[in-house]
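Every chain is named by a letter (A, B, C and D) in the order it is written, and numbering of its residues begins at 1.
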Amino acid sequence: MTQDIQRMSRDQLAARVARDIPEGAYVNLGIGAPTQVANYLPPDREIFLQSENGLLGMGPAPAKGQEDPELINAGKQPVSLLPGGSYFHHGDSFAMMRGGHLDICVLGAFQVAVNGDLANWHTGAADAIPAVGGAMDLAIGAKQVFVMMDLLTKSGESKLVERCSYPLTGVSCVDRIYSDLAVIDIDANGPRVIEMVPGLDIETLRAMTGVDLKFTGVQA
Amino acid sequence: MTQDIQRMSRDQLAARVARDIPEGAYVNLGIGAPTQVANYLPPDREIFLQSENGLLGMGPAPAKGQEDPELINAGKQPVSLLPGGSYFHHGDSFAMMRGGHLDICVLGAFQVAVNGDLANWHTGAADAIPAVGGAMDLAIGAKQVFVMMDLLTKSGESKLVERCSYPLTGVSCVDRIYSDLAVIDIDANGPRVIEMVPGLDIETLRAMTGVDLKFTGVQA
Amino acid sequence: MISKLFDSVAAAVADIQDGATVMIGGFGTAGMPSELIDGLIGNGARDLVVVNNNAGNGETGLAALLKAGRVRKIICSFPRQADSQVFDALYRAGKIELELVPQGNLACRIEAAGAGLGAIFTPTGYGTALAEGKETRRIAGRDYVLELPIRADVALIKCHIADRWGNLTYRKTARNFGPIMARAAATTIVQADHVVALGQIDPEVIVTPGIFVKRVVEVARADRLPLAA
Amino acid sequence: MISKLFDSVAAAVADIQDGATVMIGGFGTAGMPSELIDGLIGNGARDLVVVNNNAGNGETGLAALLKAGRVRKIICSFPRQADSQVFDALYRAGKIELELVPQGNLACRIEAAGAGLGAIFTPTGYGTALAEGKETRRIAGRDYVLELPIRADVALIKCHIADRWGNLTYRKTARNFGPIMARAAATTIVQADHVVALGQIDPEVIVTPGIFVKRVVEVARADRLPLAA
């Protein structure tokens, strides 16, 4: 009997990503949906959040009225600093990324290719004003790059693709995709599905993505 | 009537160099004789002494009993820090040099060539243990490189030479030589004597050095 | 006695020339030296090349400089923001040139300039459109792009506390590009929340030593934060 | 709860392997992590490659490590000193390999490693024997030498104050190579004069954020300086 596909909500997805972040990890959460992951990090785990604009040990948004315009995150929202946190300049901040000191970064994506190429900064549309920020540094810098995205576009096209049609952010840099339908590892052998949401089966997922998927430990 | 050549002593030479260091200059004094220049800087001029091991605003040696083994200069002697001084790490310290932020450095020399090449780190002797320290960084980094040396070796050979026979510290980097016999500028046109000690004449100096010297504003 | 203190913003920025490359600190509005930028608008210099992480927010500060038509080109990582309407309009009208640089390459190219390096091989941007036409090299199994230093004639930055020798400390994430831009410009001009007597800043906590700073002007904004006790 | 604190020097250095590249902080004896070096001597690892500005002073610390015959090669800028007799004897006997690097190139190669750069063009050493055989390039009218990063398996450094997350401050000129080596090693091990509770170090004055540090051990030397009031 076929059940409906139980697609994960953004919040469920953020919680799912949060589950995989171990205590002691140094983590950068990209602008947008990845920022939500912070809301689901278990309070009993000490995890170090880095923000590209020069802080480590980022805490939650301050109470209303306690905002400080000189204490913001990469998305320019007010944040707080945990005891044990630190401030540093942009050179040091991007040395942390580029130098491989971050354990994990979580980024959004327009497309991920089967070889791990990431496209998340530019749709390539002629009238779009490009803006890259720290995406390219994070993509190639962190020890593990997690992507958080819907697996399909609104019009139903797979965002996991044979080859990115959008301009690249980084080459062969994505290690894992957390999507609303499945969790997919990417390594030298290509994409390998390690989790699917209830109601989704291998054949359906294959048909949705149109790329060669391997499966490990998932229920058919 | 010929008078005796009134060769400058090390202390006189240090005082002569000090006279040319203007207020507000950022200055690195090399290990050895150049360190003595600090003793002759006029107390009414604010001059910023940098030490390669991470301090700016270096003050004189502390009173006996006040030495701090963690506050030393490049020669590993105890020093003090003036109010307004600062500490920084080696990356920042050598960025100051290499990035052209120092106005003046004063170095010793084995040889200086007529094109400004400097040799001051290694005699090239087969059994010598080489040690370069920060000499090569200072030689190419400071806006003006002053050399402080005896013009002749103990055996009477000129240390201002057509071409250095000792291994180079830096290429075309010396701007001015303060020697016990003359002050000599070096630019694209070669060496130009701007001061001689009393008792020395142009012909004698030419004969001593054996290189093509120009003279400006010196008494024949 | 050396004093780098200036009495007014106008005097501090008076000699910025047409065509100058001007680094402007700040990440969004945090650390943006708004009063110095206002001074630069008043100064009248044109055809500026501006280096900043962004391309202006709202209608003030860098956005106002853009709006005044003084900027020929901007070198930045993240121009498009919710409130970057001034830049957006100029860009769509073809009235401003954009050099888009990944943020970390912006940082390390500025650092390279300050540190006197001739060029650096950076892994960021390899294989992307932002590295097109640039020299690449595989070193120890990894691919890198050759990037050149970014220098400036002038840097305008904001700090928290300064003294007459130009020693600076910053406040929280307003630090951002200030320390690295201070090193990469021929003339670094600083607006300080507070100027204190020489020796009042602990030498261990000075972030920018005075060697990198030419001019300091105290800007006592109404909303500035008091000195910590 | 994350704690990088170790109870003993021996435990902190226990897994340093034969053949490891070990950065050792300090400029002369200022900032030299003598107790960690003693721990490394006790650990017994051999065929080490050591990166330090000098090559040991007197008979203790790095000199003792050399004397124990554990070091295959040293990368440094200034080996020959008045009290470098241990190194001098080994070198003259052909028992130790020396890679001599200008001090600023040592610094920027270590920085390049920590910052993930593949290589840098530096002006220092151009045209000298220390650049022989290295690639050179003229960029914007100046000559540069291509230098590669220096990485390490382990960095041993000394700091003044640390906390359980590995945040560090240094003291005076004992800072020297500590902050840059901390970033360039896979495992950075720190001896601290003092360990304080989390949050006790002002976030504005932390010089080395904990991300660069793996292990901290408090070494309460008899002559250590007390915490400032």
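Annotations for the structure displayed:
Please note the rule applied: a residue touches a chain if its C-beta (ideal position, glycine included) is under 8 Å from a C-beta of that chain, and two chains touch if they have at least 3 such contacts.
Owing to the predicted nature of the structure, the values given are computational and were not obtained by experimental measurement.
Counting hops only between chains that touch, chain B reaches chain D in a minimum of 1.
Contact count check for B-C and A-C (C-beta pairs in contact): higher for A-C.
Measuring from the averaged C-alpha position of chain A to that of chain B gives a distance of 56 Å. If you average the Cα atoms of chain A and of chain D, the two centres end up 35 Å apart. One inter-chain figure worth recording: chain A and chain C are separated by 30 Å, centre to centre, where each centre is the mean of the chain's CA atoms.
Shared interface positions of chain A, defined as residues touching 2 or more other chains, are 81, 87-88, 91, 94-95, 97-98, 141. Annotation for chain D: residues touching 2 or more other chains are 108, 115-117, 122-123, 170-172, 204. Applying the touch criterion to all chain pairs gives A-C, A-D, B-C, B-D, C-D. Those residues of chain C whose C-beta lies close enough to touch chain B in the complex are 1-2, 113-117, 163-165, 167, 183, 198-199, 203-204, 206, 209-212. For chain A in complex with chain C, the touching residues are 51-55, 68-72, 76, 81, 87-91, 93-95, 97-98, 117, 122, 127, 129-137, 140-141, 167-171. The residues of chain D lying in touch with chain B in their complex are 27-31, 53, 77-81, 84, 87-88, 91-92, 98, 100-108, 110-111, 122-130, 143, 170-180, 207, 225.
Residues 108, 112, 115-123, 137, 139-140, 142, 144, 148, 169-172, 202, 204-205 of chain C are the ones that touch chain D when the two sit in their complex. Residues 23-24, 26, 46, 48, 50, 56-57, 81, 83-88, 91-92, 94-102, 141 of chain A are the ones touching chain D in the complex.
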